[in-house]
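Naming follows writing order (A, B, C and D), and every chain is counted from residue 1.
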C-alpha cells in the first residue's frame, strides 16, 4: 500500500501541474476541452487507437486531481467521456471508433445518453421507444426519452430502443448511435426545481438510423447498456470524487461563518460538519481503493454504487450545514452580497440523488450482487411493452 | 376537544388518588393486583358480567395515570389483561368467561400467550404446533412455542395451533385455552442479552385440551388471534404509555448529570434530549387521540402500531443519552454507587423493539392497511407447514 | 379527556379548506416564483374571509380554531401566513383601535423578529417589534429578498419612527411567539399531510418492474415513516393550540415541541416526496418543490428547529415533576 | 498510488486470524461474562505470538501491519486489546528496557486516560499516564468494574509512585493516542465486518412468508447500509494506519475520522444484527450481544465518538488548503 506517487506518477503530476499553471482556462468550454486534449490530459487511459494516450487510470486520476486542486472548470463532454465513449469503445465497430472517439475526447462532437423514458426510470428495461427495421436493413426510431443531459447541444447520442416487442423484456433491446441533428429529433429543455434546465426531453419521430450505427447485435442492447451503467456508477461518486460540494469547500465556508455563532451553536455545527465530513472522507478513500483495483486491470463492479449512496447523503448534510451557518439569510435565496452557491446546491442535490439510479435500486444491486442476498420474486415477466 | 377531566372523570380521579395514597403497595404482586381489583381499579372498562366494572376506557386510563404518577408497581397479569382476557371476552363461551375472567383480573390465575414459534416469528401464521382431535372430540397438542412471557408462572395460556395442515396457511389454525399445569407442558427459561430471563420456551408434548377450551371455531384461529394482536398493539405504545423509560425520568436523570459536562457537551446533550423528547411527546399525544376514539367505542385500528414504531426509536435515543451522561462510567455496567438502571435499559430495549412485531412487519401493516398501498406479491400460498 | 377535534372544528376545516383552495394552490405559488404574481388568497381576501383574524379578541375564536384553519392554509401553500395575524392579535390585545385595523384590513401587520428577513414583510405597513422589553409599533422600510418560498413574503425591515405600545412586554411577546409557533406548526402539518397524500397517490399509480412502486418495501416504509411523523405532528399541533387557550402552563413545552416537529416532519415529507416521485419530483412543473421550498424556509422561522429542540430539553429538565 | 493491502498484508491477516480464532471467540467472551473466565488469547499468548508487539521499534513492523492484525482480533473479540500495546510502543519509544519488557511480556502495560475506567487495566502491572505534560510510569491499584464487554478489562486505576519518563511528552502522548485510535478502529472494523457476515448469512437462511428474509427490501437495505459503512470504515482504517507510518501530517484527521467511523459503524452493525436476527438475536446464547457489548463500550474509548467528530471538524476547518 502506498498513497505516494510512484516515481513515474510524480513526474507525470509535475508535468501536469506545470502545464496547468502556465495555461489559463478558456471561456469556450469546447475549446477548453480541446486544449486539454491536445495537451494529452483527456482520455489518458484510453487506447491510443481510440484517440487516447494509452496511460493508466491513475495518470488520469492525477490530471483530475490537479484540475480540481486548481479549481479549473470541468470538461463539457463528461457524459461522452464517462459513458458514451466507453460504450462505443467496448461495443462499436472499427469504423465507429475511428469516426467518433477522438472527436468526442476533443469535444469536436458533444454526446448525450438517451436511456430513460417517462415510464421507464428505475425499470429501464421496461422502455418503449421502438426501433423498426426498414426494407434496406436500416432503422427508424420513434419514442420519447427524458432526463437527457446536454441533449440540446449534443451532436450524437447513444440510444437504447426496443427492437423486438415479443422477446422477454431484457432481450428485445438494441443500442444505437443517433445523430442528434437528424430529422425527427426534437429536444425540449426540462426545468429542474432550482429553475435551471440541465436536462431535456427528447422526442423521436421516425428518426432514420443506419444499421451501421448499431452498437452490438440486435437484441443485445441490455448487455451493451450495462457497460454504460457500470461506467456511470464509477463516474458518480464511485471513484472518490465527491457528489455535490467538495467537503473542503464546505469546511472553508463554515470556518468563515462559525465565529458569528454562539458557542452552543458552534459545537452543534462542528458535530454536523464532523459527521458529514467523515462520511465524505470514507466515500473518497473507498473510491481510491476502487481506483487502485481498476489500475490493476479489474473491471468496475457493482460495489461502485456504494459511493453514490453515501456520497449523496453526505453531500446533503454538508450542504444543509452550509446553508444553516448563513443564519437569517438561510431563509432567502441569496446572501446580501449576492451569493447563491449553497442555496442553489441545496436545490440541485435532490436531482443528483436520483440521477444514475435511485437509492432503492442501488441498494438492491449491492444487496444482491455484492452481498449475495436473494432477489425478490419478479412479476414482470409477461408485461406488455408495446 | 378537551384535555381536562369531565366532572365525572374528576370525581373518579380524586377517588382513585385518595385510595392509592392511603394504601401502600403490597410486595406480593398477586396480592397487589388483587387489592387493586377489589378496590375497583382493574378491568375498569370490562363488562360487569366478565368481572369488570362497566366503566369507560378513560376511567381505566385515569387509574393507570395515577398509578404511574405515584410510581406504583405495574400489575403482574398485564399480558392476561391486555391480550388473553380480551380474546376470551370476544371469542370465549359463557362458561369460559365465567370461569376465567374475574380470576384473571384478580391475578388469582396468571396468564400467558403462546403464539410465536422458533420458525414462526413475523410470519406467525406459518406456525407448526399441531392440535389433533382424539376419538372423544377433545384435542392433543404438540409443538414448541417461544418468547412466552410469564410462562413459568402462568396458570393458563391462550395457544394458537394448526388443526388443518391441508388448509391454506391462515385457514388451518385454531385457538385454545391451555392449562399450563397440564401433563406434557414443559417450560424452560430463555435468557436475554442482559442476562435476565423474562421469556420462556414452552414445549408441548401431547398435551390434552378439552374441546370446551377451544376459543372460536376450528379453523378460525387466525381471526381470533387478530383480536389478541390488536389488543397487544394498543398495549405496546399505542395508547400513549411510553415504551421503555419514561421521558420525564430521563430528563430528570440528564438534569442531574448535565451540569458536570463542558458547555459544548451540554448543548449536544440538550439537542439529543430535545429530539427524543419531542418524539416521545408525539407518540404520547397520538396515543391519547387513540384513547379518545376508543372511548367513543371505536375499535383499535392498525394505525396503533405507529406508537410502537416511534416509541421504540425514541426510547432508544433517550436511553442512549441517559447512558452517555454517565461520562466515564458509561463504559461499565454499574455506576460507583451501584446503579445499573440505564445500562440495563439499554440492553433490554433491543428485545422490546422486536416483541410485538418487528419494525418491518409493522410498517407493512400501516403501509397497506392505513395508507392503502398495495401488498407485495405472496409466494407462500402452497408452502409446506407440516 | 377528549383529545379529538369536535364536529364544529371539522366543519370549520371544511369551509376554510374550500375557501382557501379556491384561490391558493401550488400553481399560484409557482406563478409567484416565476413572475412575482400576487400571493393567494392575499392579505385582503384573507381578512375579508374572517379566517385570518379568528383570534382577534372581538372575534371570540380560539387558537385551536385558528390552527384548524392554518392546517388547510398549509395544504395549499396559502399566503400571507396566518402566523402573522395570530401573533399580532396577541400583541395588540388591549389596543382596540389597532385590533380593529387588523380585523378590517386597514392595517397590514408584520412581526419583526431579530436577525434576518421578516415573515410577511412584503406588503405590510405596520410593524410590531420588541425593543428593550418594550412592544413598539411603527412603519418600516421593506427590502424584498430573493425568495426561496415566495409565499412567505420575506424582506428585510428597517423600522421607522415607532410608538411604544407596552413597556414591559417580554412576557406577552413570548406568548405571541408561542401562539405563532402553534400556527406555524399547523401550516406545516397541512403541507406535510398534503405531500404525503401526493406521494402515496403516486406510489399507487407508478409502476416499475411490473408492480406499483408503493408495493415495494423500500418505498412503502419511507411513506409509513412520513405518516407516523405527520400523525405525531398533528397531535402536537392540537395539543399546543389547545394549550394556548386552556392550559397556559403547558403552552411553552407544547409550542416548542410542535414547532420542532413541524420543522423536521415537513422537511422529511418534502424530501421523501421528491425521492418517491423520482425524476418528475424535481422538475419545475411538479408541485413537490413548492412544498420543499416551504419546508426549507419554515424550519428557520420563529426560531429554528435547533433552538426549538433546545427549548424542549430545557423545559423538560426544569419541569419534571 | 496503490491503496490496497499488499500480498504480505494479506498473508499476515491470514496467519493472525488463524492464531487468534484458535483461542478467542464470542463463546470465550460469553464465558468471561458468565464466570469471569480468562480473556483469550490473553496477554501472555498474545505477547508470545509476536502479534501484539509488531510496532515495538525492535520488531520493525508498521502500524498498518498492526491494524491488519487488529481487524482479525476484532472479528473474534480477542482480549486484551492491541490498542494498549500499540500505544505503549509509541510512549516507550527510546526506553529500550521497558520496550523489551513490553515485548517479552515481563511488563503488563495499560495506558491511563483521564476520566473513567481504563482499558486493559485488569491484569496490568505497569501504567503509563500523562501528568502535567509529563509522561509517567508506575504501578497502580486496579479496581475492577462490572463489565459490559468483559474483553475490555476495564477498571479504575489509582496510580502508585510514578517515574517521569519524559518531561514534555504531550506531543508523543497525542501521537500514541492517534495510533491507538487507528488500532481501535481496526478492531471495530473486524467486529463490524463479522456482524455483517453473521447477519447476511442469517438473512439468507431464515424464511418468512415463503422466502428468505434477505430477499425483502426492508432487510436487504438495512444490510446494504451496514456494508457501505463497513467498507468506508475499512478505507479510513487503512488510511489512518498508513498515515501513522508514512504521512504524519495526515494522521490527526485520519485517526479521528477512523475512530469516529468505527464507533458509529460498529454500533450500527450490532443494532442491525440484533434486528435482523429477530428473537434469537437478543438471547444470551446468540453471539450478537457480545459484539453489541463491544460496540457500546468501544465508542467511549480513546475519546468518544462526539469528541472524534468534533476533532474532525476542527481539523477540517483549520487545514483547508
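Simple rule for what comes next: a residue touches a chain if its C-beta (ideal position, glycine included) is under 8 Å from a C-beta of that chain, and two chains touch if they have at least 3 such contacts.
All figures in this text were calculated on a predicted structure; none of them were measured in a lab.
Undergrad: Identify the chains adjacent to both subunit B and subunit C in the sense defined at the top.
TA: For subunit B paired with subunit C, the chains in contact with each are A, D, in label order.
Undergrad: Quick check: more C-beta contact pairs in A-D or B-D?
TA: Of A-D and B-D, it is A-D that has more C-beta pairs in contact.
Undergrad: When the centre of a chain is set as the mean of its C-alpha atoms, what distance in Å lies between subunit A and subunit C?
TA: 39
Undergrad: Using mean CA coordinates as chain centres, what's the gap between subunit C and subunit D in Å?
TA: From the centre of subunit C to the centre of subunit D is 49 Å.
Undergrad: Where does subunit C touch two or more other chains at once, residue-wise?
TA: 211, 216-219, 221, 306, 310
Undergrad: Counting only residues that touch at least 2 other chains, which ones in subunit A make the list?
TA: 264-265, 267-268, 271, 360, 363, 376-377, 379, in rising order.
Undergrad: Using the definition of touching given at the top, classify the network of chains in this structure as line, ring, star, complete or other.
TA: If you draw each chain as a dot and join those that touch, every dot ends up joined to every other.
Undergrad: Which residues of subunit C touch subunit D in the complex?
TA: 216-218, 221
Undergrad: Which residues of subunit B touch subunit A in the complex?
TA: Answer in residue numbers: 263-268, 271, 376-377, 379.
Undergrad: Once bound in the complex, which stretches of subunit C touch subunit A?
TA: The touching residues are 115-117, 145-148, 152, 154, 207-211, 213, 216, 218-219, 271, 274-275, 278-279, 281-286, 288-289, 292, 296-297, 300-301, 304, 306, 310.
Undergrad: Please give the residue numbers of subunit A that touch subunit C in the complex, ascending.
TA: 116, 119, 121-123, 126, 146-147, 190-193, 195, 264-265, 268, 323-324, 327-334, 340, 343, 346-347, 350-351, 353-354, 358-360, 363, 378-381, 383
Undergrad: Flag every residue of subunit D that touches subunit A in the complex, lowest number first.
TA: The touching residues are 1-6, 9, 64, 200, 203-204, 211-212, 214-217, 220-221, 223-225, 227-229, 231-236, 238-239, 242, 246-247, 253, 257, 260-261, 306, 308-314, 316-318, 320-321.
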